[in-house]
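Once you scroll down, you'll see the structures, which are given as structure tokens.
Consider the two complexes below, in which chain A is the common component and chain B and chain C are the respective partners.
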Partner chain A sequence: MVIRAAMVLAVWLALVTFPQWSSAWESSRFAAGIIRQVLIFAIFASSLNLLVGYTGLPSLGHAAFFGGGAYAAAIAAQRLGTDQLFVSLGAGVIGAALLALLIGFLAVRALGIFFLMLTLALAQMVFAIAFQATDLTGGSNGFSGVHRPVLFGLDLGAASDLYVLVCAIALSVGLLLWRVTTSTYGRALVGVRENERRMRAIGYDTRTLKLSAFVLAGALAGVAGALSSYEFRFVSPNDVALGTSVTGFVMVLIGGGGTLIGPIVGAAVVLLIERVLPSQLPAQTVLGIVFIAFVVFARQGIVGAARRLARA
Partner chain B sequence: MTPQDALQQALNGLSFGALLFILAAGLSLIFGMMDVVNLAHGAFYMLGAYVALSVTRATGSFWAALVIAPLALAVLGLLVEPLLLRRLRGRHLDQVLITIGLSLVIADFIRLRDDWGWGATVRSLPFPAGLDRSISIAGSDYPTYRLFVIAFSAGLALLLYVLHRRSRIGALVRAGVGDAEMLSALGVDTDRLFTVTFAIGAGLAGLAGVVAAPVFGLQPGMDVDALIYSLIVVVVGGLGSLSGSIAGSAVVGPADTFGKVLFPQFALALIFAIMALVLLFRPTGLLGRVRIGR
Partner chain C sequence: MIDIRELRRDFGGIHALAGVDLRIEPGERRAVIGPNGAGKTTLFNVLTGELRPNGGSIRLDGAALTGLTTWQRARLGLVRMYQRNELFDPLSALENVLLSIGSLGGAYRPFRSPLPAERIEAEEVLARVGLADRRSVTARTLSHGERRQLELALALARQPVVLLLDEPTAGMSPAETERITALIAGLERRLTVLIVEHDMDVVFRLADRITVMHEGRAIAEGTPNEIRADRRVHDVYLGKAVEA
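Showing the complex of A and B:
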């Protein structure tokens, strides 16, 4: 336990100071940008993992909360005329959580594959709203000119400051998820995944359990969305689209659902395929084939397979 | 809205519903038999439209495309089911996930085939000769192709109904939907039956793609739109039954069309509201046999 905490802290410190100790490397800035994006998507994938991996809810509409959080953060900052981090990030989290409450209320009534269909369809409605409400979201052109936030007096406009912010928030979300998944509440979620009927028989209100997990996951996806709006200074309907939901799902599955590290590994693998792979290779095709291969041959993902190897 | 406009929109709604039926029938058939929601259904639809584009260019005949494209998609289905889905038999969710990966690959394939005249730009397929005119209905002009879509879909529904009720394969499908395990125990080769079912479903998606292409054109993203609409239709109508697909498309097609005319801002919200209401008060869909939730 102590050893594991020390390891996490050591890795995190190495990551935070990456721009300093790698500064001699010519691609240091590019690599730091990739790390920021990996961490942002790791938060997104980890939030989805709370549903897919721990609670057994295969959501294919999680982009609604990622993009919803990004739009809420950007729009709140613009309308209120402030760049304060707490305002835009708060708006992103609350906006995404409310959206998750609304969609979850309907979706948790459906079981298994139907849950997947419903989250997909309902998220597509959010996409349609983002696409059509041109006054609010900029429609198909997207919402450009998002300001990077200010923390009290501290300006986080420079890429290096944003890097530290993303690292800090990623660590906080990771610790929160560790707390949640090891608590009795987290064990109850796993119970719902393993045998929902038995959980109901024991006396758990499983529908409320599932809805609460859905809202928590939505709120954390909103955190990732707000960070992504700072990162790219841009929010587009793509952030709400099915493609983003699928990307998150692929990250969780490739990395390993139901583990804390899995989605982080998955986010790194997927972004490396998408951003670093030689551009003449078709990234989506590679991703699709890798995904199919993992579903067929290694359903427990990279982390799950590695653990199995370590045990053997 | 004048009575003429109302009639025109009613026909538009009916022809859109007719198209949705072709699309949803394949999705529902595959689900009824295999308990798999084929999320590559939209990609199959899209591929059908693009194959039709190429066939029409090569032969100059839309009617050749109407035959060849669905057959091509059926052949794809004949390959996909045994190669990918069969090895995951019994793991329904994983089978669904495979179809997600498949749809990524198909959509990317179409996007990259600029050299075939496909690619990421918007393409269009001309109306077939003879159906590129309008005729006068109750004092206003109406495109004959849309009337053809209604008639074609009605004919298809009738054909499917007769096959379903009267043919040997229809009897096998009905038995498989009821209890595939028992059917297998009675000596029927259910593996082959599943493959054929999946191929027919894929072929129907391709058929819908051909029929829709002259009206809606071909562009990236049409796969997702088709998938969402077909999911809504089967949720509203009920999964796994032919009559459910008919009921769902008969509700969603006109509702979507009138919604877009009457309150353009909320058209999508309207069909999603219908879906939500059905889900809350009738979780099996209007005519379904499978409960979607509790």
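Showing the complex of A and C:
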């Protein structure tokens, strides 16, 4: 426990100081940008993992909360005329949570494949709204010119400052998820995943459990969305589209659902394939093949396979 | 006290429960027997709220249960053991019981670790059902008999007022049957136990009173001796069990 905490802290410190100790390397700045994006998507995939991996809810509409959070952060900052971090990030989190409450309220009534189809359909409605509400979201042109945030007097406009912010928030979200998944509540979510009927028979209101997990996961996806709006200074309907939901799902499955580290590994693998692979290779095809390989040969993902190897 | 009146449940054209009346006193051990398809498991499913009745009423200590969900009934103390095991397979025996205990307190508090007291309680419950030395084994790898014991542990950990046991000895070896029968016989007397069971030795040993069901109705009720002497009961059920 103490050893694990020390290891997490060591890795995090190494990550936070990466731009400094790698500055002699010519690709240092490019690599720092990749790390930022990996961490943002790690938050997104981790939030989805709370549903897919821990609670057993196969949501295929999680982009609604990522993109919803990104739009909410950007629109709040623009309309309120402030770049304060707490305003835009807060708007992203609250906006995504409210959206998750609405969608979750309907979706948790359905089971299995019907839950999946319902989340997909409702997220597509959010996409349609983002696409058509041109005055609010910029429609198909997207919402450009998002300002990077200010923390009280501290301007986080520079890429290096944004880097520290993303690292700090990723660590906070990771600690939060660790606390939640090891609590009695987290155990109850796993109970719902394993046998929802039995959970009801021993007195759990499983619908409320599922809805609360859905809202928490949505709020954290909103955090990732707000960070994404700072990172790219741009929000587009792409952020709420099915493709983003699928990317999150693939990250969870490749990395290993139901583990804290899995989605982080999955986000790194997917983004490395998408952004770092030589441009002659078709990234989406490679990703597809990797995904199929995991579904066929290693259902537990990288982390699950590694644990099995370690035990053997 | 449980007061069941005119309870009906149809599946298509079949009257699984065709107007069941049943009154069970607090602390009573009541067995429900009858041939397959008599409606025993349906009765349990309607009592716990997993199936909706087509008519009739169920009262627990005077309060109507109609409209309450399964988990609300469990919180009132109506707790069941399943006929087919419904466990949390990848979790250890201890974690299974901890989930059941956790529902008594802060299940919805995301920042609360399981309390040490809950762990001690879970170990006590496991010891009661004879699984103390199997606490860290996953439910999946327990033997059939041990899984039945764990089923009972989950129900007991929930601190029931009324315990519904659906064929607790089904598929057990004679030694396992003996152990679980002794276990049920030794439960606190304040606990009301409703038990569905095919093993007549177990029924006659445990029950204060027996209700015989046939084709969705309670056709006879009485003490074990009265039921043994009842001709109709012999015709529909006991005769067959004795012959077999």
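We take it that the second predicted complex is superposed on the first by the 312 of 312 C-alpha atoms of A that agree within 3 Å, B and C clash if a C-alpha of one lies under 4 Å from a C-alpha of the other, contacts with A are read in each partner's own complex, and residues count from 1 in each chain.
Just so it is clear, a residue touches a chain if its C-beta (ideal position, glycine included) is under 8 Å from a C-beta of that chain, and two chains touch if they have at least 3 such contacts.
A quick note: this is a predicted structure, and the numbers were derived from the prediction, not measured.
Chemist: Figure out whether A:229 sits in contact with chain B (first) or chain C (second), or with both, or with neither.
Modeler: A:229: touches no partner chain.
Chemist: In the superposed arrangement, does chain B or chain C reach more residues of chain A?
Modeler: Per-residue touch count on chain A favours B.
Chemist: Is A:59 contacted by the first partner chain B, the second partner chain C, both or neither?
Modeler: A:59 sits against neither chain B nor chain C.
Chemist: Which partner chains sit in contact with A:137 here, chain B, chain C, both or neither? Use first/second/both/neither.
Modeler: A:137: touches no partner chain.
Chemist: After lining up the shared chain so the two structures overlap, which partner does A:205 touch, if you call chain B first and chain C second: first, second, both or neither?
Modeler: second
Chemist: Look at A:184 in the shared chain and tell me whether it touches chain B only, chain C only, both, or neither; answer first, second, both or neither.
Modeler: A:184 sits against chain C, while chain B stays out of touch.
Chemist: Between chain B (first) and chain C (second), which does A:195 come into contact with in this model arrangement: first, second, both, or neither?
Modeler: second
Chemist: Overlap of the chain B and chain C footprints on chain A, residue-wise?
Modeler: Shared contact residues on chain A (touching chain B in one complex, chain C in the other): none at all.
Chemist: Enumerate the contact residues on chain A facing chain B in the complex.
Modeler: 58, 60, 106, 109-118, 120-122, 124-125, 128-129, 132, 241-242, 246, 249, 253, 282-285, 287-289, 291-292, 295-296, 299
Chemist: So in the complex, which bits of chain A are touching chain C?
Modeler: Of all residues in chain A, those touching chain C are 179-180, 182-188, 190-191, 194-195, 197-206, 208-209, 212, 216.
Chemist: Please name which positions on chain B make contact with chain A in the complex.
Modeler: 35-37, 39, 84, 87-88, 92-94, 96-98, 100-105, 107-109, 111-112, 224, 227-228, 231-232, 235, 265, 268-269, 272, 275-276, 279-280, 283, 292-294
Chemist: Per the contact definition, I'd like the list of chain C residues that touch chain A in the complex.
Modeler: 48, 50, 69-71, 74-75, 79-80, 82, 86-91, 95, 98-100, 102-114, 154-155, 157-158
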